[in-house]
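As written, the chain order gives the labels A, B, C and D, with residue 1 at the start of each chain.
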Amino acid sequence: MGLVQDVFDAATLDKLQGPAAIGHVRYSTAGDSSPRNAQPIAVEYAKGSIAVSHNGTLTNFHEIRGELERGGSIFESSSDTECFIHLIARSPRARVVDRIIEATGKAQGAFSLLFLTEELMVAVRDPFGFRPLVVGRRGMSWMVSSETASFDLVSGRLLRDVAPGEVLVVERGRAGTPRSILPFAPRPARLCIFEYIYFARPDSVIEGRSVYAARKEMGAQLAREQPAAADVVIPVPDSGTPAAIGYARESRIPFEMGFIRSHYVGRTFIEPKQSIRHFGVKLKLGPVRSVLRGKDVVVVDDSIVRGTTSHKIVKMLRAAGARSVHVRIASPPTCHPCYYGIDTPTRSELIAASGRACMVESYLTADSLGHLSLEGCLAALGRRDGFCHACFSGDYPIRPRRAGQEHRARLIVKGLGGGLA
Amino acid sequence: MGLVQDVFDAATLDKLQGPAAIGHVRYSTAGDSSPRNAQPIAVEYAKGSIAVSHNGTLTNFHEIRGELERGGSIFESSSDTECFIHLIARSPRARVVDRIIEATGKAQGAFSLLFLTEELMVAVRDPFGFRPLVVGRRGMSWMVSSETASFDLVSGRLLRDVAPGEVLVVERGRAGTPRSILPFAPRPARLCIFEYIYFARPDSVIEGRSVYAARKEMGAQLAREQPAAADVVIPVPDSGTPAAIGYARESRIPFEMGFIRSHYVGRTFIEPKQSIRHFGVKLKLGPVRSVLRGKDVVVVDDSIVRGTTSHKIVKMLRAAGARSVHVRIASPPTCHPCYYGIDTPTRSELIAASGRACMVESYLTADSLGHLSLEGCLAALGRRDGFCHACFSGDYPIRPRRAGQEHRARLIVKGLGGGLA
Amino acid sequence: MGLVQDVFDAATLDKLQGPAAIGHVRYSTAGDSSPRNAQPIAVEYAKGSIAVSHNGTLTNFHEIRGELERGGSIFESSSDTECFIHLIARSPRARVVDRIIEATGKAQGAFSLLFLTEELMVAVRDPFGFRPLVVGRRGMSWMVSSETASFDLVSGRLLRDVAPGEVLVVERGRAGTPRSILPFAPRPARLCIFEYIYFARPDSVIEGRSVYAARKEMGAQLAREQPAAADVVIPVPDSGTPAAIGYARESRIPFEMGFIRSHYVGRTFIEPKQSIRHFGVKLKLGPVRSVLRGKDVVVVDDSIVRGTTSHKIVKMLRAAGARSVHVRIASPPTCHPCYYGIDTPTRSELIAASGRACMVESYLTADSLGHLSLEGCLAALGRRDGFCHACFSGDYPIRPRRAGQEHRARLIVKGLGGGLA
Amino acid sequence: MGLVQDVFDAATLDKLQGPAAIGHVRYSTAGDSSPRNAQPIAVEYAKGSIAVSHNGTLTNFHEIRGELERGGSIFESSSDTECFIHLIARSPRARVVDRIIEATGKAQGAFSLLFLTEELMVAVRDPFGFRPLVVGRRGMSWMVSSETASFDLVSGRLLRDVAPGEVLVVERGRAGTPRSILPFAPRPARLCIFEYIYFARPDSVIEGRSVYAARKEMGAQLAREQPAAADVVIPVPDSGTPAAIGYARESRIPFEMGFIRSHYVGRTFIEPKQSIRHFGVKLKLGPVRSVLRGKDVVVVDDSIVRGTTSHKIVKMLRAAGARSVHVRIASPPTCHPCYYGIDTPTRSELIAASGRACMVESYLTADSLGHLSLEGCLAALGRRDGFCHACFSGDYPIRPRRAGQEHRARLIVKGLGGGLA
């Protein structure tokens, strides 16, 4: 529990020995952060030790868990990740890899998984490929991660994406390329479009496409779809910066940093009191008056979720002297719940789900509000197919089976993607 | 992890709501203290939530765990406590109480258990009754604990001991005495004799016998068996104090506090460095020279385990001016491993197992060393039967089934008994 | 700030290098514990570095501080200890020792001081000798402490007490006995009698008299003065234990441990909430029913301050079945404020100052209450003269000069004496 | 000690009551960070309580301290800030404001000061005006700070700069504008030019000039002086971003974010091990390959100090596929020590002081290295006079008096400016 750099200090890292490791970083939402739900999960079962990290969400979690519990399994956590371990432990197969294949074959939904045993590291990506998963190399070592940026950190290099439905097996002490297995029935690829919009780091590359370049192109497309007569284009730093650069380039309006982001406030979201949390946005973003005073301003962000942050941003821009404020969002409105994502505010807190655009605009007190269209978003990404964009379109690749799960579903929201390294 | 008062501070206690609770305090031995092994264990399974605290050790742990793993169970901890939960989860019985009875019926060894579900609190004591377990009352609430002293703390009162083999069921919102079930084949009672000697708090009462009174009587019996011509009788505080009072009374030698115990050094045993740990005994015990100088001293302790502490105590007494030092131990030598106890030093570290009394005496550099006999110990307790004294006599109520387990067994040693409250 | 063992952990101790050191332990009372007031105080001035630890209280603190401030001195702390440093810094003398003598010559009240510079360690005890101060040796090293028990901890040995009014100078790298200077006009010795009664550790020796032996003799004298028809004598552990042993020996009533003290609750006094603090006494002391049930009980403590603890103790004894409870206190009632002591409850909280003995008895709900007389106390100590017993008798060696200080004065109370090592 | 948000958590803030407050944030350099040197310093002296925060460095610190010590003052810290307090305490003047004026009149060097007493808040800026100081208003409250950005955080507004040599007195409970006093002989203004280059936040305004605008103009001027044939201009985020925007605009080369800065690594500089610290730069900056691969890259930073970071940045750019790397620095080389600044690396660690530009270029392994000229820098700032640029030019407004201080001087380096709020 805590920041990676606090938990894994020098002394702790010194204690970690051995030829293999997996890890997981989780964006801690208020309620459910507890050591129980921390990943990786590591257990012992009939075949020895096994650990697993999971990025994604299962849609048939309740069915699987119910079936397992009826068979006598006990659950230590409330996370769906634990299902995989139980399914593996109960598999009648002799070999560990076969048990993993059998177990993951029963799961539905989004799962990029990394298993570690004493002899094997096994990566599995669900047949739809909702979440990214990449394989890299450093010297003689193999690495699997949800983000290519992590390879850069350790001077490794990207080899390729793990394919949707692929099972990749790295054996300890065995030279040569990892064994690739494709055990599942093929499905149409459905990469989460929000990875390009917000989740992934801009210095990552997903399926051959630079996240930074994609965001810049979305900004350019946004400029074509939602032009504004303005003096400057500014980003909401840092998430809106690439799109703002694209918007400015396309619109030929000068790009400026109209907000300065302070770097020592990463933890304001943990603050207990509402009054202090509201202070958080201010602490993080300082307006640059010389850029804003008397100007017509386009402010670019990647997405709107609750709307409270955007509301404050418009207010700060006006207080700093902006003549007009045009909010431009480099993605469509998020109106539909996500069944493959990350826990977030309930539906009633979501501004786009709450009414028509004009009402949102009015809440934001902006002079205008413009979203990128889904068509434009796909055009910016260079291909129409292969994405899950259910949060925008309502077009779900898989429906959850139980009605009861509906209200557990969440709309996609800003958060750190889980990392497997 | 940590001291109870540090973990359960006022803020944390405020957060704990609800009509029922169970807890567990564990003496943390060096190696295996980790949050994973902390109790109570709380999980979810087909019938809802269940939590359990366990005081004791199973002798057929490996058989049960192996069988469970072959059936697909996964283990998050290395503790035998987890077995009970798996057995309950896999039981075909419909009612929770029946599942608990079936599960505990498969276990062998020492177990005083307390289960908590949303509707029930269920206490189970193994058929031999190795570990104590008592039931008490406070207002309209029922309480179960391994020690009567905990009832005093909350102004509750002792009702009775849970009988060996008894299953006691407290139902939420149901008036009247808890339901008592005796589902197991009766076995001869075998209460751990070491509870009276060291484990239990002196202000506790076990099976109607005051621990303090028992220890004082052991001291008196020790004086009869192992007299010494001395000027003063002093205890090794605080564990040796009641026996020293008994020894002094019987021998009519004046009782004195020859050592002052310092109270702020409870945690020296966690210190990493050997040099600092050795310092620990000194920090804890300060000799009172006016009591010791030029005197023939009887020093009374409850038991000897490693011998290193006793060795240092003799040395301190001589340095403080004692003319002669007579070590008197209010229990027999502990020469046999315990299969129902607490993890402790390996056999080779145990002084009584290593040779004859004269050699031990010589290592301690004492003028004389005298142990209470097993006969005397039983006489002091007022009854011959109903005890497990295998650590003294080698007479084991249950043998562990696997040869491999032998070397895992431990000799009984000083430690805090687990508490269930 | 915190417990010694937490602050000076292995890693911190490793960092402390060098041939000399001084330290200080302070009983933290609620309000004024802050890093600012922590000792030793270490500063730089015209002659280099100097550090000081102080046990005691100045009676002319306000006069000295006022004069210093008028001369331009600034105060970082609210402690009187800082005065010594300012006086030294402002002294016109050339040599450090002469500056120390001049500075301490201006102070009035109780002060046992230890100074450390790069070349010198200088101990000073005030002319009345209110607080103890002892000098010891370990190998080639000299040690000065407020308690002989600290020499035992490091295998050092006591040489002698520092005399009232003595200045003892240890020079770095210089062989031979420390230089002794007696620069002040002699005064009648006035050792604080409460050191023998409560402050000092029982394993310490002050001016040749064992604290343990003194307390036991006070208990014996108490038995002669305040006999009781009882079945058992029990102490309030641990502070009342030596006196209870003396009472039992003299009265020939059996000594028992009627309370078991728990050792892991040293910090209850820091707990924020009143409700939890009250729980503190219970957590610390568990009654031994077998000793108490149906018995006439004499319970011996060293002193009564607030009376709240005694009140709870009587209640616990009755709840445990005692037939009658006779409270015996091995010191006279503390009715007068102390000007040379330790910050404590205000006058209105002091039970002895609040009324006649019968009223106190009634508040305590005891069957009888008996204090040792001052005469008896002095008889037990073996000499009539040489003590300050103003807290009992009102006979003050020095009166504070300013009226305003009166209400700042405090009645002597239980606390840990400051330690200089 | 620690991050502001950790030290001043909600609970601590709740405890701070009262109508006035001052604070101070210090960039913690390795050696001298200790609670003793933390600001504000708060003491008591003859006139009551006084606290002070100080941004700057005195050049006659040793003379003043020596004189004070000879007069009997003691120093608790090694900071020059403490001198002001001693001078005030020793002043013969009756009124606090007169004491402050007398005390600050004796100081030489850089000092922006904020004093707080129970009745007054007094701001003082040295006659050269080395460090900025601004006064603002929020409702009926007056605020003084070293940065205008702090007014934005609390919705206050900037009134004006405190003038060089001005003493500004805010009296408690007194309406109307603060009293302004100009007690010192006027001196030519010498604002630290590095405030515009690096120290100040870009969203601050100093003497009417926006820091952001100044940096952007320096970048534009740099493009004119040091053009490069390149495909992209990228900043070293975040400090180089405004200059890079200016460089890109002027050169008409596209601006891109070639590095993504990670926000959770603010504390890497505290890491103990060199190996981990080196990892720090990588953890902080991730290269965006799509922007860099095959490109001629201009990378813009505000200044170079040690050169080790720049060296790594060039290496990372090449590893990410840049065809050529042109380092452009929006300030002149820093070759001369600063006597008015912040403690930093010793001279031998400074890359610009170590040799000619070509050697630096070669160390950096860049294809070219270009610095902004001092002329260009001043042109970008819009006025030639009124600056201290001794670190570039060696033209010192005040020389330190003692030869010995020379080697204590430091070259200006990246750091957070002290904040007074």
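The rule we apply is simple: a contact is a pair of C-beta atoms (placed from the backbone, for glycine too) under 8 Å apart; a residue touches a chain by one contact, two chains touch by 3 or more.
All of these numbers come straight from a predicted model, not from anything done at the bench.
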Practice problem: Find out how few touching-chain steps suffice to connect chain B with chain D. | Solution: 2
Quiz item: Counting in whole Å, what is the centre-to-centre distance of chain B and chain C, each centre being its mean C-alpha position?
Solution: 37
Quiz item: From the C-alpha centre of chain A to that of chain C, how far is it in Å?
Solution: 62
Quiz prompt | Between chain C and chain D, centroid-to-centroid distance (C-alpha), Å | solution = 51
Quiz item: Hey, what residues on chain B touch two or more of the other chains?
Solution: none
Quiz item: Between which chains is there touch?
Solution: A-B, A-D, B-C, C-D
Exercise. Mind listing the chain C positions that touch chain B in their complex?
Key: 3-5, 10, 149, 152-153, 155, 201-203, 205, 210, 212-213, 238, 241-242, 245, 249, 254-257, 259-268, 271-273, 276, 282-283, 286-291, 319-320
Exercise. Going by the contact rule at the top, pick out the chain B residues touching chain A in the complex.
Key: 35, 43-46, 69-76, 78, 85-86, 89-91
